[in-house]
Amino acid sequence: MGQSIVSILPEILMTIFGLMLIVIDVMSKDEKKSGVGYFGIAFILLTLLASVPVGGFKIVGFDQMLVWDSYAYAFFIVFAIAYILTTLGSVDYLKANGINKGEYYTILYFSIIGMMFMVSATDLSVLYLGLETMAIAMYIMAGFNKKDKRSNEAGIKYFIIGAFSSGILLYGLTYVYGYTGSTKYSVIAEMLRTNGVENLNIKLGLVMMLAGFAFKISAVPFHMWAPDVYSGAPTPVTGFMTVAPKAAAFGALIRFVMVALEPASVQWQLFFSILAVLTMTYGNLVAIAQNNVKRMLAYSAISHAGYMLIGLVAANDLGYKAIALYMIIYGFMNIGAFTILGQLKNKGIIDDERLESFAGLSKKHPLASLAMLIFMFSLAGIPPLAGFVGKFYIFSAAIKSGLVWLAIVGVVNSAIACYYYMRVTIYMYFKEAEYDASIEMKPASSIATFIAVVFVLLIGVFPSFFINIVKMMIV
Amino acid sequence: MTLQHYLALSAIIFGIGMTGVLVRRNLIVMFMSLELMLNAVNINLAAFSKYLHAMNGQVFIVFVMAVAAAEAAVGLALIITLFKNKETINADEVNFFKG
Amino acid sequence: MMANILTILIFFPVLAAFFLFLFFRSGKATMWGAFIASIIELVLTMPLMTNFDKSNPGMQFVEKYDWISSFGIQYYVGVDGISILMVFLTTLLTAIAILGSFTYIQKRQREFYIAMLILEAAMVGVFVALDFFLFYILWEAMLIPMYLIIGVWGGARRIYAAVKFFLYTLAGSVFMMLAIIALYFKHGSITGNYTFDILAISSQSYGGGLFETLVFLAFFVGFAIKVPMFPVHTWLPDAHVEAPTAGSVILAGVLLKMGTYGLLRFCLPITPIASINFMPFVAILSVIAIIYGALVAMVQEDIKKLVAYSSVSHMGFVTLGIYAFNQSGIEGGILQMFNHGIITGALFLLIGLLYERTHTRMIADYGGIASKVPVYATIFLIFTMGSIGLPSMGGFIGEFLVLVGSFKAFSNMAIIAASGVIFAAVYMLWMYQRVFFQSYNTGLHNLTDMNVREVIYIMPLIILVFWTGIYPETFTSYMHESVKQLVEQIQSIKVAMN
Amino acid sequence: MIELLILLAPLAALLINGIFGRLYIKNNAHYIAIAGVLVSLLVSLITFVRVMGGHTVDTVVYEWVLAGDIKIPFGILVDQLTAYMLVVVTFVSTMVHIYSIGYMHDDPGYWRFFTYLSIFTFSMLVLVLGNNFLMLFVGWELVGLSSYLLIGFWYEKKSAADANKKAFVVNRIGDFGFYVGLLLVLVTFRSLNYSDAFNHEAIVHVKEATFKVFGANLSLLDLMTFGLFCGAIGKSAQFPLHVWLPDAMEGPTPVSALIHAATMVTAGVYMVARCNPLFAEAHITSNIVVYIGMFTALLGATIGLTQFDLKRILAYSTVSQLGYMIMATGAGAYIAAIFHLFTHAFFKGLLFLGSGSVMHAMENDLDVRKMGGLKAKMPITRWTYLIGCMAISGAVPLMSGWFSKDEILAMTFASGHYFPWFVTAVVGGMTAFYMFRSYFLVFEGTPRDKHKFDHAHESPLTMTVPLILLSIPAIFAGLVFGLPLENGIIHKMLSHVVAGHGEGGHHLSHATTYGLMALSTVIGIIGIYIAYVFYVQKPDVLPAKTAKAAGPIYKLFYNKWYFDEIYQAFIINPLVMISKFLWKGFDANVIDFIVNAFGWVAKFLGSVLRHLQTGRIQTYIFSMVVGVILLLTIFYIG
């Protein structure tokens, strides 16, 4: 029993801190609400330090229902990074848009607890619970800005489609449970190995479950919700949503696929390779046609999910380590880009995230546009920035497992992607200012951007520290 | 009443729920059909649990119900805020974002 | 200090750029700061050149530190006979380009000079990198500053040119990344030690089958775009015409050489069997490039575009020389790379001077300016004759060695390539006549002759162009041993093949 | 090693004038230039005497081009052939330098002219002194450069600007052939040094070898020599590539005298003579050389008959005389060719400088129809010009021309080329006719343009002294070097260079040689008589009448056999059209189209796929359902 408690110690700690956050929120005055966020950061850092899995050990709890190991910890780092950067980035945004409420930070905080359960789940029920905790928190965050019609629409769309997809996931889950007799991954794997995948009509369950996951990581046939929700939600939330939930979904998916469905690897590799090609190509092509930077970055988030799927399809340990590293790097560059986007105010007539409002920005705000340039080229995967290291790792995993054709598709896609990332720099550096758009970098958001830029450059040039974190992961 | 009967029943209810979501325009009705789908899942779980003589299926039903309740609360709240702003809960009006 | 001279050469410009970025506010101060930094860099290359042991074919001034040990990636740099001239050319041209753009760049001077210094660091790095990962990072890192230089300070169609340049080069080098990773795993599986070390990978043979051909093609595409070879050259005229003077000097002077350097450092040693199989194909492409580049240059209306197409023709000679696989061919190719850097760099500087004064590059707008600007006309004539390959100047020696080498390897190609000598004279002299001779075109105004500053920064190029012509041994002595080693390696494989 | 001084003196003059000319030396640049050339002249004369004493030099100054197995030195070779060339080049160059002081007196680019002259002298000496083919080629191209600079000296004139570009390009076409020949030499003899290329065993060893070029298996020696000969065609203005020499008259007259009469154009003859061991073995090429030389001689003479511009007449006569020399080398008479080169340099230089002083007097108007009766006003120019005409016509015995040209005719006859001998004999008559036509039109008869005649005056001393000095060798060069016939001083000296297979072949009995000489003298005299009748007795009747009678032939000759028009129509225009097509058509439309197409396709697909996003929740959910169904079918089939 003691070991089970220890296995969910990080989650317990987080919950306690979460409750304390609510209390702090209630106590703090209206304009001091950002204090809640800073406390949140402090608490998450504390848990991060407290729950370091010494020496890559595995604490299995609750009769193999969940496990706390270096794998889960690596994803916890991604969630922590996402939380800290988003909080710093959104302090000024919330003040500017008049939604400076403490609940913003607490709900964000609780969603991380859901993600932690997802990542450490080795049982379908724990997986489902974590999934839903995170999902519900995200529905609220998407629709957080009550007064803004766009945020409402995002919330509603995310809710309806999210609920529908979790319905499909559950339905698949029942069949998997029904025909393998248990919800534990190890047992499922055992049953699949003995009876083989063909004779049990488990395929229906499998496909529906994987479809549910595909929805969460916005893989193409199930991605329709992503552009509208990402564009509608408040910008820092979009930043968070493109990183943390996606990382959690990938974490849970890898563990489920690599452990539970290990015997059926041929099937799900085929499943995900189709999805990977569609996701990358669709994401990149439609991103080119966008002229609103926020929507463009939404589509780029979809395409990056495609690159990560390549890591998954590679189905070797290098593959999922590459995904984890990619998530860390993606976290920094994407949230950095969204923070800057959040601070962009355009007193002109058109909505402020259009490409034209970036025109001539480098003259007025050299530092901010330099940071945006670094994020854009890092997203495009140009060395010496971090994006390249992530992509390099993913393509190495693909080639190691012989998927050269998939690597070629990935490489061609990243070449196409360069075009729309470059268009932002074209407007910023090469064009003259058309509208008097301006970015006032307040202290909090400039710290967030600074941290993001430093890490993007650091990982680009000295990636060994982060590679070592990821190296210890074993599914 | 063999297992197949239950599975068939739950599949039918699931189908009704899905078409409800796809066809109806009113958000509230869509939300109800979503709940319908979840109940179909519960039937399935109960059937399998009995058939496998294992309790964890039914425990799972409790989880599903709890989650459905939470979802309902959040979903209705979102629908209300949408109504306050756009005076409509017709799914087709909710299309500011396209392309 | 001598042991890690290379690291100093790579990181000094970056530190200087960072220092300028932090402490220098005004454009003028950054300008002089950047110039001094580039001069120091040039001075630092001098000990590299003097202490270089010409009898040792292998790598010198080698530095190796672990970088990403889990992947077998090291910070591994070294220079040998093939790359040392290129390092000197880079530092020299950058210093001259910076001095040359004092009056040319008016807006946003700070960012320009910082971009130039970072570009210099990346270029030096590419020529000395001996680890695939480090090479690839610097190879692509160079794109960003060059893209900004073309895009921000370029001419009218700069955005199209910058985008075209960026995507064209990227499309080529993206396949190179896959080839590098494939080599990494293949080499690892054969020898068991997973590393990105170029020398280790090139010392291993890969059996000449489909794998080696695919790797060769991936590398070849990446480098052919950079050279540029015939079918993939259309980015060069746009990038050259739109880039500011300093940009086109560096673009023509150094960036083109990275393609041919890549062929020498990667294609030949790592995939020799495929290179030998593709020898006729590459030779045909080079000859087409020579003739095609010359013919199209003949009918250009814009001087800069004409010189750009002439670069396509000259680089055709270089690739022809390299793919002759014999000592004189390859040495001729390397010498031609060095000469082309000097001659075309100087031509672009001179055109830049003209553009600063008259703001037009169309040949039709000029006429008979020799009477107004005699000094400029004489210096321009020197470099026109250099570009034609007149003896007593470097161009001739390079071309002669390339033709000798290629004549031994494939005589028909060499004969057609030699006809390029005629077309070179046609297009350069026709341009020279329409711009400098005939009656003075009154439409031109404020045409003043070169002032002292401009003559000073052209002077080193004039000296070098004659030096390589009269006593080329000072430069070719560096490469004898390294090229001999490379040629022996390929000849032994050639003998083994048939 | 004082021979090196010959090179260094003009080089020093060139550098001093070139660097300090514009600002400091300005109008007294001629002192430095003449000093340089005089030093070369003196040292050349000393070397000539030492070479007569048997002292030849073949040393390496420094290793120039090193690449693997190729070692090409920068070396000096002084033997009998070089000695003669040195004397010719330096002597005529000095005369032209002195002459130019007067001629270019008030020209703003005075210092620039003398710098270019020094460049030319230096390059010609490099060409002549080099001890390997690469040095020869370097001199070859540098001489092409200096002719480019000097022809285009008055670059404001469009005609001059066109002429110098044309000269350089046409030379360059010849140099392309030279380059291929050079490469062949290097590949066969593994070195470019004359000593290695010309040793007899190596040549014999290679005699039968063949070389595959574009599929055809040609004999190696013939291909190599033909390549080298292409260079000579270009440089010595032989048949296909002769078009640039008449246009080169755009340059100042001293330039025409020095470069386009005496020295540069003879470089081709020198090269063929230097490579006589190779040419002797290459029989096919030698035949080609003979016929090209013959046809060029005919071509030059026929066009020369009809021209009215004095300098054009002399230019075409040079083309014709060069034809003679080339024909001689083809027929194996290398010594005769060099002998004619030697004498031709003096009298043709004399004629050109004479025409220069006439031009000077007639305010730069060269149309002979406006001249006449100048003998009264310009006695020295008249007499020197007359000596020149007599020398070139070969009709006046004991004059230098008579010796060398008749020897060529005799040698061609002896070597069995009867038809070329016949044609060139007739051409000898034509030469006499058009030279004396020019003399009579300019100096004899009544002045046709009163106004110009009154202003005419004798040229200053600086111009007339060189004329006199040049007329001396024009008269006596033949006598001093040519007697006794066929083994005079020049024959004995050059036989060392042409040892073994030059003269040995075919000796004529004395009777036939004298008979041939008499015949050609008679033909010359007939030519002069006809010219006298045409242009002195009935100047206004006969020329017009014969022109009308000749009709189309006259028009053909007058328009320079339409070569310029043919080249323009069949080579230049198509080339420009092809390149325009390649640029606009291929580069812009094909490659760039594909490149832009990638971008456009991506954009198009993007905009199409974009519309899938309808914004309505139902379509999103529907797409999910469709997705699931599709994947299910794949799994159940797959």
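Just so it is clear, A, B, C and D label the chains in written order, and each chain counts residues from 1 on its own.
Everything that follows uses one rule, which is that a contact is a pair of C-beta atoms (placed from the backbone, for glycine too) under 8 Å apart; a residue touches a chain by one contact, two chains touch by 3 or more.
Predicted, not measured: the structure shown is a model, and the values here were computed from it.
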> Where the centre of all protein Cα atoms falls, which chain's Cα centre is nearest to that point?
Replying inline: C
>> Tell me which has more C-beta contacts between its two chains, C-D or A-D.
In response: C-D
>> As a quick test, compute the distance in whole Å between the mean CA positions of subunit C and subunit D.
In response: 38
>> Roughly how far is subunit A from subunit D, centre to centre by C-alpha average, rounded to an integer in Å?
In response: 79
>> Quick check: how many Å separate the C-alpha centres of subunit A and subunit C?
In response: 43
> From the C-alpha centre of subunit B to that of subunit D, how far is it in Å?
Replying inline: 98
> Touching two or more other chains, which residues of subunit B qualify?
Replying inline: 18, 21, 30, 91, 94-99
>> Multi-chain contacts only, two chains or more: what residues does subunit A have there?
In response: 156-157, 160, 164, 227-228, 289, 419
> Going by the touch rule set out above, which residues of subunit C reach two or more other chains?
Replying inline: 167
> Tell me, which pairs of chains are in touch?
Replying inline: A-B, A-C, A-D, B-D, C-D
> In the complex of these two chains, what residues of subunit D are touching subunit B?
Replying inline: 610-611, 613-618, 621-622, 625
> Which residues of subunit D touch subunit C in the complex?
Replying inline: 22, 62-70, 134, 137-138, 141-142, 145, 148, 152, 155-158, 160-162, 164-165, 168-169, 172-173, 175-176, 179-180, 183, 186-187, 211-214, 575-576, 578-580, 582-583, 587, 591-592, 595, 599
> Taking the complex as given, what residues does subunit C use to touch subunit A?
Replying inline: 67-71, 108, 111, 133, 136-138, 140-141, 143-144, 147-148, 151-152, 158-159, 162-163, 166-167, 170-171, 174-175, 177-178, 181-182, 184-185
>> For the complex, give me every residue of subunit C touching subunit D.
In response: 164, 167-168, 231-235, 292, 295-296, 298-300, 326-328, 331-332, 368, 370-371, 374-375, 385, 390-392, 396-397, 400-401, 403-405, 407-408, 411-412, 414-415, 418-419, 421-422, 425-426, 429-430, 433, 436-440, 471-473, 476-477, 480, 483-484, 487
>> Help me check something: in the complex, which residues belonging to subunit A touch subunit D?
In response: 156-157, 160-161, 164-165, 168, 203-204, 206-208, 210-211, 214-215, 221-222, 224-225, 227-228, 267, 270-271, 274, 282, 284-290, 416, 419
